[in-house]
Each structure stands twice: as C-alpha cells, then as structure tokens.
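Chain lettering (A, B, C and D) follows the sequence in which the chains are written, and residue indices restart at 1 in each chain.
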Amino acid sequence: MRLAYFGDVVGKPGRAAVLDHVPDLRRRLSLDFVVVNAENAAGGFGLTEAIAGDFFNAGADCLTLGDHAWDQREAMTYIEREPRLLRPLNYPQAANAPGKGAHVFVLPDGRRVGVVQLQGTVFMKQQLENAFQHADLALDSMPLGMAVDALIVDMHCEATSEKMAMGHYCDGRASLVVGSHTHVPTADLMILENGTAYQTDAGMCGDYDSVIGMKKENSITRFATQLPGERYAPALGEGTLCGVYVETDDRTGLATRIEPVRLGGRLSACVPEVD
Amino acid sequence: MRLAYFGDVVGKPGRAAVLDHVPDLRRRLSLDFVVVNAENAAGGFGLTEAIAGDFFNAGADCLTLGDHAWDQREAMTYIEREPRLLRPLNYPQAANAPGKGAHVFVLPDGRRVGVVQLQGTVFMKQQLENAFQHADLALDSMPLGMAVDALIVDMHCEATSEKMAMGHYCDGRASLVVGSHTHVPTADLMILENGTAYQTDAGMCGDYDSVIGMKKENSITRFATQLPGERYAPALGEGTLCGVYVETDDRTGLATRIEPVRLGGRLSACVPEVD
Amino acid sequence: MRLAYFGDVVGKPGRAAVLDHVPDLRRRLSLDFVVVNAENAAGGFGLTEAIAGDFFNAGADCLTLGDHAWDQREAMTYIEREPRLLRPLNYPQAANAPGKGAHVFVLPDGRRVGVVQLQGTVFMKQQLENAFQHADLALDSMPLGMAVDALIVDMHCEATSEKMAMGHYCDGRASLVVGSHTHVPTADLMILENGTAYQTDAGMCGDYDSVIGMKKENSITRFATQLPGERYAPALGEGTLCGVYVETDDRTGLATRIEPVRLGGRLSACVPEVD
Amino acid sequence: MRLAYFGDVVGKPGRAAVLDHVPDLRRRLSLDFVVVNAENAAGGFGLTEAIAGDFFNAGADCLTLGDHAWDQREAMTYIEREPRLLRPLNYPQAANAPGKGAHVFVLPDGRRVGVVQLQGTVFMKQQLENAFQHADLALDSMPLGMAVDALIVDMHCEATSEKMAMGHYCDGRASLVVGSHTHVPTADLMILENGTAYQTDAGMCGDYDSVIGMKKENSITRFATQLPGERYAPALGEGTLCGVYVETDDRTGLATRIEPVRLGGRLSACVPEVD
C-alpha cells in the first residue's frame, strides 16, 4: 500500500500547500491513503468544519488533531459527526471526550487502514493518560496484517525521546509511527528492526520563514522580552507541503520504504520516485 | 570558509563515529573549522578531559556542551584550562560559571572564527539567563565580517520555536545558527533571508536504534510504567556521525551553502560533494 | 473518630519529630488512626523498611509515599509485603506498580478507615494517570459511612489549584482531603460545604530552618548559580512535627473539626485541645 | 515600624475584602505601610487603573503584580505613570519592561520603606532572569538600616523551595520576605536567624470556597477531563482578606514580630493584638 502523512497544517499557507499539491501527488504517487494533521489549520489554532471539508476534497482520507484540537470549539461537535477526524486517543475515559482517537478506514478495494493518534505527556499542556498503555489497547484491537492491512500511529508530542520510545514500542505492530507537534521535519526516517517505518516528526505544512509557522517578529519579541506582544498569527509566505511517504507489504502490513515528501516554499524539495 | 558542526556525541558509538569519520571528512571536505557538541560523550552524561583530547586529536577545533555540561565534575576544572571547550554563555553573571561561553579562534592562516553557545530556557532543567539578550552581547562583541570571518551559534534547547526564533534573531549576524539537545537531526536546513545558515537541530552522533542514543528498553519501560528502571546507558550499535556542513563567503562571513552530513549507522548517508 | 495526618517526614530531624511526639500525642488526643507521609524519611529520599518499622512502632497506622516512593529501591519489594504502606494509586494499570494505592484498615474496635493516595500531574516528575478519575474509582469502592467509617485522601502534588480542585471533588465523599509534597503547611484548614475536612498541604516533619527540609546553602547556591553543587542532604536542626487533626462524626464519616498540629522546632506550636 | 502585606487579590470578592477591611485595620494596627499584591484583581486577570485607585484610596501604599501583570494591557502604560505600582524586577534588561520592580517610599514622617518584587523561574510561564542575582542588586542598592528603614521583598513564584531559598538568601538584608502566587496562605511564619520575617505565601484575598479564587466547577472539569471548559471566572462568595503583619525595629530594620492577618470569608480569623 502507498501511504502519505502530512504534518501540522499551519494557517493559510499550510492549507494552500495541501490544497495545491495533494491532489496531484495523490495521482503521481498512486497514494492509497492520506492523513493530514490539521490541528493548526485555522489561523494556527484548531480546525473548522469548512477547512476539514476542503482537506477531504483535496484527497485527505483522515485528519488528525493534537493539543490544539479544540481551539475552535466547533470541532467538538463536528468531530462527533465525522469519523474521519481523529483526536488524541488517550483522554481520561471519564472525560467522554468528543470523537474518537482511532478508526479503521475501509478503502474502495476493501483493504483496511487503521489510524491512531496518541498525545505524549512530557512538556505538554494537557495531561492525558499514558500513551504507551493506550497504544497497546489500540494496536491489540487492530492487529496488523489481520484486522488491518496498514496502520498509522500519529504520536503528537514535544520530546524526541517520547516519540522514539513510542516508535520502538509499536515496532512490528504498525506500518508507520510518525511524530507531529514540533512543526519541524526530522531527517531520521528509517524502518525499525521489526518493520515499522518511523520519523520523529513529519514537520509542518506552512511557511518556514517563520517561527513554527507563525510570524517571527512576535515570537522573537516574546522570547527576548518575556512581555506579551501582539497575537500570534501565521506567517504568510509560501507554504511548504511537508510529510512522509511509506510503502507497505500488503501481506504483512509492514513498511518496505519510507521517504520524505516536501514541496514548495523554503525547504528543499523531495518527492519520492515511484513507478 | 568551510565549517562543520557535529551534534551531541552520545557514548561510545558516538565517539567512534567522530573518531572514525572526522579525520577523513576534514580532508575530503577541506574543512577549515570543526565544532563538536560533546555534552553526552562520557557514557551519555558529560565530558571528560580524556575524551575531549581524543576529539581534538581527531580534528575538532572546538567542543561545546549544554545542560549536561557538568555531569562529569572534572569538566568544571578542565574547562578553565581549555579555551577550546565552551559551555552555555548565559549563566547568571554572579554564578561565576567555570569556563567561557564564547571564543574567537584564530586559524593557522589568520582567519578568525567565533563560536557562541547559548542555552534556551523553555522546558530546560537549568534556568539560565535570557538567551536572546546574551546573543546580542556576544554577536555585538564579534561583528561578522569584521572581528570574525565566520561565526557559529550553537543554540542548545528543547523547543523548536525557541531555536527558530534564535535563528532569525541572529540572521545576518552569524554564519550558522544550529540547534542541539534533541538528538534528532532536522531536515529544515536553509539559508535565512539575511544570509545565516540554519538548522533546527544537528542531531546526535550515536546509535539511532535507540531512544535519543540510549538503550531503548529502559526508556520504554520508564515511559510505560512511570517507575524507575535500570540506569540509562548508551545503545551500543554502530553510531552515525551526524552534523551539518556550511560554506561561507569570506568577504561577508555569511553562508552560501548548507548541507547535512551523515555517515554510518542507521541514518541514510549524506556527504556534501565538494571540489 | 479522631484522625491525624503528618506530612512528608524529611530525614533524621523529621523522623525524630515523629518518634518523639507521636506516641504521646496519640494518647493525649485519643487518636484512632494516624497516617504519616514517609516519602522523604530516608535522608530526604524515599523510605526503608527499618524506618517504616520505627514509624509503625511509634503509632503510625498507615504510611504514604509520593513521587519519591522508590528512591530507596527496597521499598519496591517491601511494599508488597506491607499493606499498611501505600504509594500513589494512579500509576498506569499496565505498570503493575508494586504495592497498592488504597487500603481499608480495620481498627481493633471494628471501625474501618479507608486511605487513598493520589499523585497530581501538574509540574510533577512522573506522569501518572488522571487523579480525578482514580479518585472516583477509589471513593466509589469504599463509600463513606457505609464501607468505611472514615476516609482519608492524601493528594500529593505541587499545584495548589490541583489540590483545591481535588478537595472539592471529594467533598462529601471523604472525611479528609489533605495535600502533601510542598513541605510547607498551609493555613487554609476548613470543612468544605459537604462535610469534608481540607488542608492544601500538611507541611513536612523536619527542620524548617532549611529549604523544604534540606540544607539551605546547597539549595541557595543551585538557585543562584544554576550549577550543580553538593548533594542535597537534610538540614539537621530540631525538626517540627507537622500535620493535621480531624474529628469525624461516626454516623456519617464526615468531619466535624479540623485543627493544625505542630510541635517542636521552628514553627509556632499548635496542639488541639481535646477532652 | 508596622507593615502589612496582603496577597493576590482575586476578583470582586478579593477587592471587597481589601476595601472593606484595610481602612479599619490600618487604624487598628497603626500600620505604617501596606502592600497589596494586585495581579489578579481584575476578574482574576491583571489590574486596571481604576481598581488600583480604589486600593490606594483604601490605604494601600504600594501594589505589586506578578506573572499576570499585563493581563490587562492598560497596566503597561499605567505603571509608567504610577511609581507605587511594581512589577517583577527581573525582566531581561533588554526588554525595557514598563515600570519598575523596586522602589523606595518615603513616609510622611520621613522614614523610608523599600519594596522589591521578584519572580521565580521554577514552573513559571515567563522565564525571567535569575531572581537571586537581582535580589542582590536590589538589596545592595538599598541597605537596610541605612538607605531604608524597612524593606519588603515579594517573591512571586510557585515552588516552595525557591521561596524558602530566597528567604534565607535575603535574611538579615530585608525586613520581610513574603511569597505570593499560590493563593494559599502558609503557616510557616517565622523570623529567620538573621532577623528577616518570612512566610512562604501570604495567600490570596478572595473567596476560599473555590479553586485558588476561581469558580470550582470549571476548574474541576478541566482537571478531570483535560478538555477546555468555560472561561475561568472568580468565585463570588465572601472573600477573605489574607496577609501578614510585621513589626520591625527602627534601628536595624529587622523584624521583631510576624503574625498572620485573616479576616472574613471561609478562613479562620486572625488579627494581631497590638497596643
């Protein structure tokens, strides 16, 4: 199977990168399944139904969120109607958090793709439940190569250690473990020893002449002065589509190839060559 | 000028990566100046004089540290005798921290290279002084293209936002701003709009079949159980040399090229092609 | 019923305060049940079996721990043999953490006292599971006035907000919600609107001419310099026994009175007057 | 001299507590100087000029702030005109933060009182400069018993360790070191060995049937669910005036007495007896 995951879409330049490039890439790379992290799509903060609709139209099969899930409150009701939108799985059970954190998608040809989003706990503003324990529950409920033909885990968190640990923890049980949240792509794409493709962070879709997608002047001033400044707003230069491409073996669901995908804006372009 | 910076060396596999590859790379790439972040060189925790000596012999011109600077207490006296070893600049002045955080190196041909290490404050275990204010002091004291022919800033911290903000803050005043500490290389190498080369994190030199260079089992168990486990120890598979290569214009000190350098171990190899 | 809870015992002066005063107080106040938080009893770090034995001999019925539970590794096996020793309840289930986080004690006269320890998640070094959800489970399993005649919740955490929220959350379902961990007694003892006695932090048993029970010079130097210093060690002046006294109504298990208990050392003495 | 300090005023019930009780207490206790921490006076978030005026009219001589200093942006300009309003001293110098962090007040009888506000760095949302180094600068600039007849340090921070360390650090150089920010009064009032009066936290002026002065329902829901809820708003029950009273020796400026002051609302009342 051919999968792509695109990292946190930040504001208008990030949305434009998705809308401009994903339809074409989907064809060129014969993608079977596309995930987009949309937690910062609405002006840097959360997701609206209208924006989600645009992403689905552009070829996204699944949208994930993160710590900014509910910045736009409408997402709390929208997610209840839209099974293709996922939030972190590991909310406390008693929270009855809206929506779901895992879903099995059935492709037109009958193949099934599982997607799970987990949120880490190190340095994160919400304190969700243990992501490793929840990974177990989710992965056990959709065994790779049996219940699902491919399985993507979006590990949303700050610390590289927590992401790498999750990668190894799911190794052999997922097709891809990919991190999100830091808004910078990492260059450590690899297939782990038991066959899971891994990247610490997919990076953001947005303007890289910025501070994590937001206007750099505001951010610099806050760091330098520790005073409140203007509201954060997305930087408006050309966005880069930024994500990862993975091929899996349909017999096992494990990965056979992982490559970066970057297109447009300030980062050097990479598009996998495929037949 | 041709500069290279190699990220946090973790334990024996990281040291081997430096000792095995840097002498040869130094020749092949005609490197004028090499910086190695050595804060995790001694079993993952700090630096000893003996290890530092090995790095200097292998072709390092300057070693930097970070939040693990003093894990080996001998570094606190060694650094007083060794001007080529730098710790974060922005300790409180009253701390009289041992050693220095900035230094101007004079090359055999008379050219001068400034190096500054700063430690960020977001999510870091020490609370050093404002890194942006200290960046100003340091950069003003060694104006690029005048007092120094090249200037390297090692921004040691966790948050990608703090690193990107520092990159832009120094843009036009440094040849290179490169992050360290997260132990994962980022794929956002670029030349910022005023001519400073930038990478959010250079990555570590160490075994990438690990959790940030340390054995993965211990780390996974701690995350999954929140119980103390065995002591952290470096993973012992083949290490990857991981860093960045920068060319500067000798008239301005600004960057004309930035490329990743990765050799050995689990990451895909990249070595810049040079004449 | 007459209950007492004494906060984090720090090192030798803290232990001496418990051993010197608790036997006498137990008689003078006709205490039915005594809880001691022992997470810092062994040189400031954790608890040994020998020290626990001393506390039980001096009149403690139950010992609780906290984030320092396993600083002395022997506690991990000792706790399996000793049901009177409790650690935070809310470890991830999959952790199979040693020991228990809640227990019902049967008094010689047949009355039953439930004790629960929870650890908060704000600013804490471990990331345990949601304490509120676990509070529900625990309180539901031992309904006050039915399964137990009194119920004590030790809320071990840093943030005053998290403790106050837990107090109100348990209000009417516990006899006492008392905080630990900050090592400073608070002066907000009150009976909440539904009958639960509450104090944000019981304070420590230890030398108050210190920094949270530890030698002040080391601590000041670390704060002022951000450099590592000498190992932390308990301050060795006379310790203060520091805790809280609660009377409950045996028909409901709710509190009718809450008073501070402080004896010895640097804090002004308070001992409740009882008939 | 007779000094009083009242902790973080939260919303309307906190303001009412100040306005209702301070004028009378000022007379009854013959107070020479009154400080009020006003960082949460405006609906829990910051301070307006109008509210500040009310506090000055009610008998406050000096207002201090904290991490919420600029929640109401008008405070950034108001503080420039009002030398009796102080913000944390230890902003980075380059920040040119509005207002001042230390001031010497001259009483009608010519005696001088210095006030300094510092903000700690542990667990705080801004990362200000080293508070200990800034304490030195401030205390050296107004030597007690020489430049000033009394000196009050407001240490605004979360961690009890950081506050206690600051108390000892200033011991003998200040009349009073008192903490703020946690909104719960501590019961550790003492005179340190070199004559400085000390309390870890003065507590808040506000409704204690709350979570740190704010409505408890919202807060509990957020802790229990980790979902965003309604906006935080002050609890509206009767507020408690909460603070500390200190007597100093006019020859040395050191403390001779320290007592709690609590009046109204849910906490047990304490008013010092004076001649």
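Just so we're on the same page, a residue touches a chain if its C-beta (ideal position, glycine included) is under 8 Å from a C-beta of that chain, and two chains touch if they have at least 3 such contacts.
Since the structure is predicted, the reported quantities are computational estimates derived from the model, not experimental observations.
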Legend entry - Turn needed to bring chain B onto chain D - CA fit, degrees, nearest 5: 180
Legend entry - C-D or A-C, whichever has more C-beta pairs in contact: C-D
Inset, instruction - Could you put a whole-Å number on the gap between the CA centroids of chain A and chain C? - result: 43
Legend entry - Whole-Å gap between the CA centroids of chain C and chain D: 29
Legend entry - Contacts with two or more other chains, residues of chain B listed in rising order: 92, 94-95, 127, 130, 132-133, 224, 226
Legend entry - Topology of the chain contact graph, where touching chains are joined (line, ring, star, complete, other): complete
Inset, instruction - Give every residue of chain C touching chain D within the complex, in rising order. - result: 123, 130-133, 158-162, 164-166, 168-169, 182-190, 192-193, 200-201, 203, 208-212, 216, 219-220, 223-224, 226, 260, 262, 266-268
Inset, instruction - Within their complex, state which residues of chain B touch chain D. - result: 92-95, 121-122, 127, 129-130, 132-133, 136
Inset, instruction - Using the touch definition up top, name the residues of chain B that touch chain C in the complex. - result: 70, 73, 76, 91-92, 94-97, 126-128, 224-228
